[in-house]
Amino acid sequence: MQTTIEKRTAGSPAVKSAPISSRVQEILGWYGSDNPGTLTNLSRLLNHGRLAGTGKLVILPVDQGFEHGPARSFGPNPPAYNPHYHFELAIESGCNAYAAPLGFLEAGARDFAGQIPLILKVNDHDVLNDEKDPFQALTGSVQDALRLGCVAIGFTIYPGSTHRLEMYGQIRAYAEEAKKAGLAVIIWSYPRGSSLSKEGETAIDVCGYAAQIAAQLGAHIIKVKLPTAHIEQDAARKVYEKEKIPVATLPERVRHVVQCCFGGRRIVIFSGGPADATETVLEEVRAIHAGGGFGSIIGRNSFQRKKADALKLLKDIIEIYSAKSS
Amino acid sequence: MQTTIEKRTAGSPAVKSAPISSRVQEILGWYGSDNPGTLTNLSRLLNHGRLAGTGKLVILPVDQGFEHGPARSFGPNPPAYNPHYHFELAIESGCNAYAAPLGFLEAGARDFAGQIPLILKVNDHDVLNDEKDPFQALTGSVQDALRLGCVAIGFTIYPGSTHRLEMYGQIRAYAEEAKKAGLAVIIWSYPRGSSLSKEGETAIDVCGYAAQIAAQLGAHIIKVKLPTAHIEQDAARKVYEKEKIPVATLPERVRHVVQCCFGGRRIVIFSGGPADATETVLEEVRAIHAGGGFGSIIGRNSFQRKKADALKLLKDIIEIYSAKSS
Amino acid sequence: MQTTIEKRTAGSPAVKSAPISSRVQEILGWYGSDNPGTLTNLSRLLNHGRLAGTGKLVILPVDQGFEHGPARSFGPNPPAYNPHYHFELAIESGCNAYAAPLGFLEAGARDFAGQIPLILKVNDHDVLNDEKDPFQALTGSVQDALRLGCVAIGFTIYPGSTHRLEMYGQIRAYAEEAKKAGLAVIIWSYPRGSSLSKEGETAIDVCGYAAQIAAQLGAHIIKVKLPTAHIEQDAARKVYEKEKIPVATLPERVRHVVQCCFGGRRIVIFSGGPADATETVLEEVRAIHAGGGFGSIIGRNSFQRKKADALKLLKDIIEIYSAKSS
Amino acid sequence: MQTTIEKRTAGSPAVKSAPISSRVQEILGWYGSDNPGTLTNLSRLLNHGRLAGTGKLVILPVDQGFEHGPARSFGPNPPAYNPHYHFELAIESGCNAYAAPLGFLEAGARDFAGQIPLILKVNDHDVLNDEKDPFQALTGSVQDALRLGCVAIGFTIYPGSTHRLEMYGQIRAYAEEAKKAGLAVIIWSYPRGSSLSKEGETAIDVCGYAAQIAAQLGAHIIKVKLPTAHIEQDAARKVYEKEKIPVATLPERVRHVVQCCFGGRRIVIFSGGPADATETVLEEVRAIHAGGGFGSIIGRNSFQRKKADALKLLKDIIEIYSAKSS
Amino acid sequence: MQTTIEKRTAGSPAVKSAPISSRVQEILGWYGSDNPGTLTNLSRLLNHGRLAGTGKLVILPVDQGFEHGPARSFGPNPPAYNPHYHFELAIESGCNAYAAPLGFLEAGARDFAGQIPLILKVNDHDVLNDEKDPFQALTGSVQDALRLGCVAIGFTIYPGSTHRLEMYGQIRAYAEEAKKAGLAVIIWSYPRGSSLSKEGETAIDVCGYAAQIAAQLGAHIIKVKLPTAHIEQDAARKVYEKEKIPVATLPERVRHVVQCCFGGRRIVIFSGGPADATETVLEEVRAIHAGGGFGSIIGRNSFQRKKADALKLLKDIIEIYSAKSS
């Protein structure tokens, strides 16, 4: 019944009212326990921007003001102090969505209402303290997300922290409420804490594990960092070696993380990390795409560049994701 | 009064409504303080699969993705990364039920609705931290169990951990809510923590004690590990020796644990532990059956084998439990 | 994916967990806005008794004690005064479910737990008053349905009564709560009231209209009386005549009512009315089956016969529904 | 298992904890959907007073002060103006329980705590208005019943009144709350209202119907007036005549009402009506006993007599019920 | 006013409703701030069993399965693994009440409904950890107590533990809720913790202090261990010596503890401690009785003996308490 496929004119943004693509239909089919409201909001995410209908996502997240402080975040590109800047960047670049803490969203949600799917980060953390075992503050609510017109809530967990169990319990309660209200749930799963070495925070075994935990907690979309080939846990290393799980290249590692997200039945996207050289960023995106990842969440690498540069970079990233997957 | 057995007329559709067996009736009779809703769900558990009506249970639990990480859990048999795999395995093997955390159940509950009784594990734990005194996160709710169509909630306690008292309080509150809604309550009782030696975690005195605690907390079904002949507590050893409680053989120890579960008036099942040789697993099942245990919960030994092997093993296990008890 | 059929090994215990039929899967697919809990309970209804898996339903309803008084209801077959009688009749005959008011269900729900899907009639009416515009009392709650282990609630509306709008509001609130708890919702839609002629209560236009109202109110299953060829409303008559909607025969009228229930995407079943000659009842059932109806709800025609006669009649009815639809 | 009877050692203190009789056990077995709290309170009712253990009940109800006014109620025996009088009468006579509105219970519940099971009438009606379609005011709560130490709540419905449906809804809500708190529920079912002739209020068909309605509403104990042989409803008369239901004598009619209360699986007791000659009252009690009724609720015939006469009458009534049933 | 004693007429049914004794009336008079519901339940406790009406109490408590583990508790008398055993022992011995954790009460409350007053232990502790400063888990609720038909809740506090203040706060909240629902409140007051020497746990000053704390927390009944003549606190010793408070003999110490419980205006009972020689136990009971104590709570000394021996011991204890107090 939804078989009419909208032809995309090369170069033009996708038409938003066309019946959704078979790929998006397939993806929505993975979320059988969610109500149509949540599917509708997932569909909004997947059908907005230049990647609409492809099943791929590029999201602009701007929580660094809270996480790292404003000067470290916006000093390199002062227009980014203005919250409207980020709405505009996300809209103009054709991102699927814009994610931020309460204050940033409140500062533009009326002005840009209906122009870009919004994701409310409902917990946040600052670095005025630098605990070995970090935790996050609850800084937004499901009710906030509804009144601001968001499609989803975002929540960070720190697997590896001594506070992780309490964080899991918090997102459980948030997710139950969000799903009842028809919102989608995105978990930022960042391994950190006293039980992990610095290298272990991005180890492939730890990254896959963190992704699995987020999926088991009921996330619709999971966000992790790009993993390295390091293996942190002895018990895991035995299995990776015995089963010869291929994790030597970045595309292989991405493919493994996708597998760790319910064999590919949950959306997993990757963060680009600190501001980096353009070619490095694009190389990572090509690897994500080659490994079957669902997209990127590009913060500092976009809003810390001048706007024109950022738009160019995002355009290039989106074009990579627009190509047919290998 | 419910003894009339409906004869099947040749050519008529299959009758699935045969009155339940006298053994199941007897077991339901132990739960006099529960409402008919909870009895109905216990009856569904006891009347599903190849062991329907025997009073014996084989349950497929898949929480290892959360508990041990995805590669360690599913690397040995990669189709198991897909949550649908486990629904199918539980259904095809004729298990009584399938137990998993929120994410795994959400990923298949609509697709397999009505095909297998479901148990929602409502708390979970990961091993990115390896605390001496472990705790669990609350990862599901009674309301989740209702919306997913579950027959029961599952909850892990760690007797021996310094967090145990808080865990007992949590399951008390969950159980009160679950029983009111007509759900059954299953407690995974795993002794762990700084007060126990490694050997003590499976000591017969500790195992029996952990089973008793679960029963006193109001569990309908109790899950413990198979105990060894080791005795951990000096105060207990005196009694085992003085009263000559027979715990030398595995069937004797199973029988003692059954006795510790209200003299056999609560259902107690045993977990098989890490993946093991087929004959070892079957030998343990024979011992459980010989000792009057009510069944097994077989996770890693089933889903880490190739599917055909897992189906064969589960079939063999079920056949052991189908034999008349000694 | 769920098509693998489990072969029964000779001598092995009965398999009750065979994957559900493609017809039941198709039917469940119509209820995409319901959670897996409600699908599970619909599946239980459709997979119990002699018609399990066929997509057809025969339900035993016994609310006549309340609706017409005990002597009129049970005098013709005195064992039927005993509430256990009806549980046994429903179980032994292989019905899909048993529906009754609170008192009758409370009087047997523990004794027959797990033996037959139960439906709690949550509103009822007596005829000590004979209002032109009837209403019903709220006599049960969703919480009652959960504690008694029911799969569904049943609710009567009287389209045509001056009280109908309040009744619609009541079932809306009940249905919202029931669906959240994973229960199914069945609406008895009986046109009555001062705005209808006696003949109009079963007129085909009114019956189709009443069925549509129930479907629009969110019912999963709709129960109506068999309609006559009479057309009550002038405005409707014009369309039936202009569009030449075929309603001359009973199968045609059944087919039209099925059409009125969302073009066949909602389950609609028919009540047999007052006790009648066996052949009349069977003739009606053949017409329902021929017209694509989903089944019958047979009260007085079953429990007012001697038990052996009732079992014979229900067996004959079930055999009609077991035949491949024309 | 509970059959061991404790022998009383001469000189030892009286044993009040003798296991309850098999008849009481049988009666409690009818209430399988109630929690042990409600069974405990039913047991207290059935095990108090001179009829303890017999399964028979004599209850003293004093709501006439509210229902008929104080002078009409207590003028004939002025000590009865004092609320303590009724506690003493119920205690000294060996009744099973004392039932009254809030004020009367509040006036003595501390003074007589633990001396007689109490029933709080939670709705009441006065005759300063004499409506054709009577209703009742809600005058007590379940919370009141708990704070006063009651074993049950009592609630009046008026089948036949245009307000009956609302009354049914009220008792449903009260009963749900009472049962959750472990209290028993007693319904006074008194047919009255514009749809009934005066004679019809006690007609056998109407009485049986009213009893059935109370049972379907979930009452544990049903109280009705003694019926006459009159039949009020034409539709019912046909059945009584066709099925030759014997209702000519009072014992036959009592037996029929017992049958209307779930074939004898609910407790039904009878009220004695206005003050009458002693022999008339006793004759009625003999008929109730002969017909298998469970007892009497004797208000005006006790408290409007002088105390000595009332005690004598109640003693004689209790002796009738103590005799082995015919 | 309630002094009229009903004479039993030969041949008439037994009178169980005799007005309660003047001693019980006197005791109830101490609880003027409690509602009649709580007085009713206190009265049930005081008027059940062989000591009914004497103002003395013997209670069977069985929480050792939780507190010490099943083998240590029930190994010496294996029938005691079965929860029904304890109901029967309490009933047959003529105890006033049976106290146990949730699981044990749930396992028999329906089967023995109305046969023995029940006390729900709502907090419990295990010894798999042996903390210097013990705490307890919340294992039951007031709502549980109501649904199981209990007359009281039981709660343990550990004066001397660093967790004591939180425990005091917990029982305060429980007691507030219990009293509103008409239940009685029993506090087990066991001094333990890092601030006390082992000897100090039963020191007379500490015991009296612990009893006072329980009384001040609003307990209706206080349970303490029998105190020794040791005095733990220097500040207290000065007063005991200066005021020459007699604590040399056990009866003197009991009398002092009674005095510490509001000068005798609160019920205080004593636990017998570990299984001991019969004569030792009886000697202690004689001392309690001589000192004006209200009774004993006899766990291990009863259920760890063979049943016949336990019945004999309880009979002897009850006979001591039946004697007129000195």
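Note that the chains are named A, B, C, D and E in the order they appear, and that numbering of residues resets to 1 at the start of each chain.
The definition used in the following text is that a contact is a pair of C-beta atoms (placed from the backbone, for glycine too) under 8 Å apart; a residue touches a chain by one contact, two chains touch by 3 or more.
These numbers were taken from a predicted model, which means no experiment stands behind them.
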item: Where subunit A and subunit E overlap in contact partners, by chain label; value: B
item: Chains touching both subunit A and subunit C, listed by label; value: B
item: Chain whose mean Cα position lies farthest from subunit C; value: E
item: Between B-E and B-D, the pair with more C-beta contacts; value: B-E
item: Whole-Å gap between the CA centroids of subunit D and subunit E; value: 37
item: Chain centre separation in whole Å, for subunit E relative to subunit C (CA means); value: 56
item: Touching two or more other chains - residue numbers and ranges from subunit A; value: 32-33
item: Chain-level touch network, classified as line, ring, star, complete or other; value: other
item: Pairwise chain contacts under the document criterion; value: A-B, A-C, B-C, B-D, B-E, C-D, D-E
item: Subunit B contact footprint on subunit A (complex, rising order); value: 30-34, 159-162, 164-169, 172, 176, 191, 193, 195-196, 205-206, 208-213, 215-219, 233, 235-236, 239-240, 242-243, 245, 256, 259-260, 262-266
item: Interfacial residue positions of subunit D with respect to subunit B in the complex; value: 32-33, 35-36
item: Of all residues in subunit B, those that touch subunit C in their complex; value: 1-2, 4, 6, 9, 12-17, 19-20, 24, 28, 35-44, 46-54, 84, 88, 91-92, 94-95, 109-116, 143, 146-150, 180-182, 315, 318-319, 322
item: Touching residues on subunit C, where the partner in the complex is subunit D; value: 65-66, 68-72, 75-76, 78-79, 81-85, 101-111, 124-131, 135-141, 143-144, 147-148
